[in-house]
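The first chain written gets the first letter, and so on, giving A, B, C and D; residue counts start at 1 in each chain.
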Amino acid sequence: MIVENMEIVSQKNIASQVYELVLQGQELVSLAIQGQFLHVKVSEGTDPMLRRPISIASIDKDKNQLTVIYRAGGRGTNMLANKQVGDQVSVLGPLGNGFPVEATNAGEKAVLIGGGIGVPPLYELSMQLVAKGITVIHVLGFASSKDVFYEEKFTELGETYVATMDGTKGYHGTVIDVIKDKGISFDTIYSCGPTPMLKAIETTFPEERGFLSLEERMGCGIGACFACVCHVQNDPTGIAYKKICTDGPVFAIGEVEL
Amino acid sequence: MSRLNMELPGLSMRNPIMPASGCFGFGKEYAKFYNLEKLGAIAIKAATVETRFGNPTPRVAETSSGMLNAIGLQNPGLDSVLANELVWLEQYDVPIVANIAGTKTEDYIEVAERISKAKNVHAIELNISCPNVKEGGITFGTDPKVASELTKLVKEVSSVPVYVKLSPNVTDIVEMAVAVEEAGADGLAMINTLLGMRIDLRKRKPILANGSGGLSGPAIKPVAIRMIHQVSQVVSIPIIGMGGISSAEDVVEFFLAGASAVAVGTANFVDPFVCPTIIDELPGLLDELGVEHITELIGGSWK
Amino acid sequence: MSRLNMELPGLSMRNPIMPASGCFGFGKEYAKFYNLEKLGAIAIKAATVETRFGNPTPRVAETSSGMLNAIGLQNPGLDSVLANELVWLEQYDVPIVANIAGTKTEDYIEVAERISKAKNVHAIELNISCPNVKEGGITFGTDPKVASELTKLVKEVSSVPVYVKLSPNVTDIVEMAVAVEEAGADGLAMINTLLGMRIDLRKRKPILANGSGGLSGPAIKPVAIRMIHQVSQVVSIPIIGMGGISSAEDVVEFFLAGASAVAVGTANFVDPFVCPTIIDELPGLLDELGVEHITELIGGSWK
Amino acid sequence: MIVENMEIVSQKNIASQVYELVLQGQELVSLAIQGQFLHVKVSEGTDPMLRRPISIASIDKDKNQLTVIYRAGGRGTNMLANKQVGDQVSVLGPLGNGFPVEATNAGEKAVLIGGGIGVPPLYELSMQLVAKGITVIHVLGFASSKDVFYEEKFTELGETYVATMDGTKGYHGTVIDVIKDKGISFDTIYSCGPTPMLKAIETTFPEERGFLSLEERMGCGIGACFACVCHVQNDPTGIAYKKICTDGPVFAIGEVEL
């Protein structure tokens, strides 16, 4: 967990409002693992005020580079999208626990379920799982065909299903529909995406071994401000909590309230 | 020879820079970035008698040059703060300012009495911005009589000096400051956050689950400077200044307004190293300004 | 069919966007950039009985996402405003909101009575943030009784509806709003500036010659939103919202908080075209939000 | 008076903390005259909040370019100094009245007195005066040798004296000292610089035909906010005023209170 000025090596628009950004680092890259995130300052001054949490999509330790994929929408991400190759951004990271590759054994089968801008962290995860000899199946849900990205990249790593809500690409429906209809079997679930999707996964597969990556508005990103807490499941007192920035963003199915 | 050391009631500080309460947890997270002994003091997160989960999320919202928070005083409760957090902090030779909160007078008294006995707690910061449940939700911090009464009671039980942390959401900050000074406060901490709100255009609801929250960050700095400028000319107890500080220049501005020490809050979230950076940059700035010791700056804008 | 037109007491507006008082002079300068008939209304600079030079300079200071001003009500005086400024504005078919100020009750009454008779003045905006010399400098805007009394007297003499412009520098904004509503105010304008200060590190003096000044701009938007959200749920008169507005999104946020029209101040200095730009961008934003007419948004965050 | 996005064509550090910036314009350039200023937004967002007033140093109507020279010191000018060729800045201008070339007749002699960062607007003025057949003498005061700029450029146009307060370059002393000691004679004074310098000029040459360019903190820059007013000389009422942004920044000697 360090603060580093990282230089923009490349910035590409890869889907509607979605950008792939490659950052050149020094020490930070060597510390990063799949499922962790960066806290990115998109400008020098106080506008915008806060850093933006963005997941690590892939890690290149040889080149000392990290790739992130983000959707430009609000003030900060729009400013990030306007940055040029050669510009620097201050990055605090890597943050959070990351996806546990060790939860799946070599030879087992993992299904990676991504929703929209929750897809990126699954990419590095998939590479790590494959490297360990785990079979990966990707189920990636998007709103519409214009939002789809990285389909080929995931396909190179394993079976890949794309679903869109409006049916303009791939399967017409939700990721859950795909898993059920295709009768996909698996030993472990790894997922990242909008909360309703994560809830649906938990409801559909409450007994499975699985890991969900959560989102919440953050202040510090390092566990100090208590902005990003969530309740723990089955806690009669109601006061137990987990911090998404440090205890998460990845939690086991059944661990915290979604 | 140090040019930054500062002696305030209860607080013998190697420099007048401390992280602000609620913006530094109990120090553990920032200890991963630097040695906490670099700091002049540490204001820990508000402790209450009971363990509190706080408000539902979202608890923060961004604003122009600022942020809103409605954490809701989440903390592990007095017992745990004493047994775990404060004991952990004992490894560092740095005075702790214990921020205390509550919704009933009795709660404040219990926390003040017990926490002030902790080895490393050198001062209490009485956070009177919380709603007073007995008085129907009026915050302790907006009625001079209520604030004064609470200050007296806390002073009676505290083993260490008491700094009262003033809320800026009042018509007359001087009246509040004078009331708590007369009630025996050893110092003031100001300002706490301004009450604010942001609304989500699509959801048509406040962004914060709690509705409104406290505005902090550079946006509020001019309000803090103005209030400290007013109050410091009237009271004779020292002021710990805060509100938007993020640079050595800001620290000097607060001193010139009338502060004798400062706390850095929101800026820690943007740059975890902001406190040590400020501390390192101050001597150079003092040189530029032709100042030998930082105390020379206190109240410099009106003295 | 218009999606932006708005009917408020005295003000029949083609859209709910007006420049804020003091940030648009009497319109002449901005008329060089665009046709003033584009605007829903124009709030002119505060008029006082006598010609006023105002405060010494510097009169403005920059802050993070905001600025301080201490213009000191410079204006050509009532006679000249009537004979020159308002007559010049008659060439435009746009309702004028006459902001009036004073330091004595009698001054307010004189200005209100005479200015409300001007052909194009459709409403008065009663600026109660000025110091009340008789009450020893307490501003009219911080004591509900004083504000209520003044509102009554101005209402009695005014030929047009009266909007009372509230100061945010109070403990209880709802109490102020209710007091002036009961006194007969036809509407509210909120918020005026927050009191703030910046200090020059080298000169060791406040940057503003006046010492403190009024903080405006995006920095104060969360405070404005919070106060309008609180007040609009309690009063039944309409609110002209302001404080940091610089985009169509900001306008919608103010409407959702409870405003029925808005004023744009500081943003004019940054972009002289900001008002027409906002007006042009609003319909597209309403489309995105699935809103037919902007009135549907009023109070949307709590209704 | 328009608002225009102007592209940075060149940016050079020409003295200690002093930068020469060339801006490519469209319509704005054709409207500009000597002694006017630009109100420059150095960033997109609200940090810093306000535009910065900067004088026009030279005007190239053929190329549609304006040159400004500024000292980087505060937050806004430092950000401006970090801008790269190709970046755009929003410019409101040209603002103010400008120096009256018509106040001097062909064949007459004008002395142009500049102090520090007040020197730049005198450059375009000098070119205009010379073009009209007026003899120009430049007296340029700086704090120290490291602050001096444009000496050769001014020398190309006419007699040029440089004075420094610390004597590290040229004449040791003030601009007034130079004029007195060299016995410089002239028909008109044009000056821009720190207020104490302008006051000294007014006190030394109260009866001369002369024009002084003033500075004040500004809000709007266009006459609407009343931030930048000054008192008028010999006004018993004390309520007469001039706005520096629109009635000025250039005033005749004796016109306004300095």
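We adopt the following convention: a residue touches a chain if its C-beta (ideal position, glycine included) is under 8 Å from a C-beta of that chain, and two chains touch if they have at least 3 such contacts.
As the structure is a computational prediction, the values presented were derived from the model and not from experiment.
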Chain pair with the higher count of C-beta pairs in contact (A-B, B-D): A-B
Rounded Å distance, chain A centre to chain D centre (Cα mean): 54
Whole-Å separation of chain centres (CA-atom averages), chain B against chain D: 46
Geometric centre distance via CA averages, chain B-chain A, whole Å: 36
Centroid spacing, where centroids are CA-atom means, of chain A and chain C in whole angstrom: 46
Contacts with 2+ other chains: residues of chain A: 46-48
Chain C residues counted as touching two or more neighbouring chains: 63-66, 217-219
Contact graph of the chains (line, ring, star, complete, other): complete
Chain A residues within the chain B interface of the complex: 1, 3, 41, 46-51, 90, 92, 216-231, 238-239, 241, 246
Residues of chain D defined as touching chain B within the complex: 46-47
Complex contact set, residues of chain B against chain D: 64-65
Residues of chain C defined as touching chain D within the complex: 22-25, 28-30, 32-33, 45, 51-54, 57-67, 69, 71, 74, 207, 217-219, 246, 266, 268-273
List of chain B residues in touch with chain C within their complex: 63-66, 68, 142, 169-172, 194-199, 201-202, 204-206, 211-212, 215, 217-223, 225-226, 229, 244, 249, 252-253, 256-257, 289, 300-301
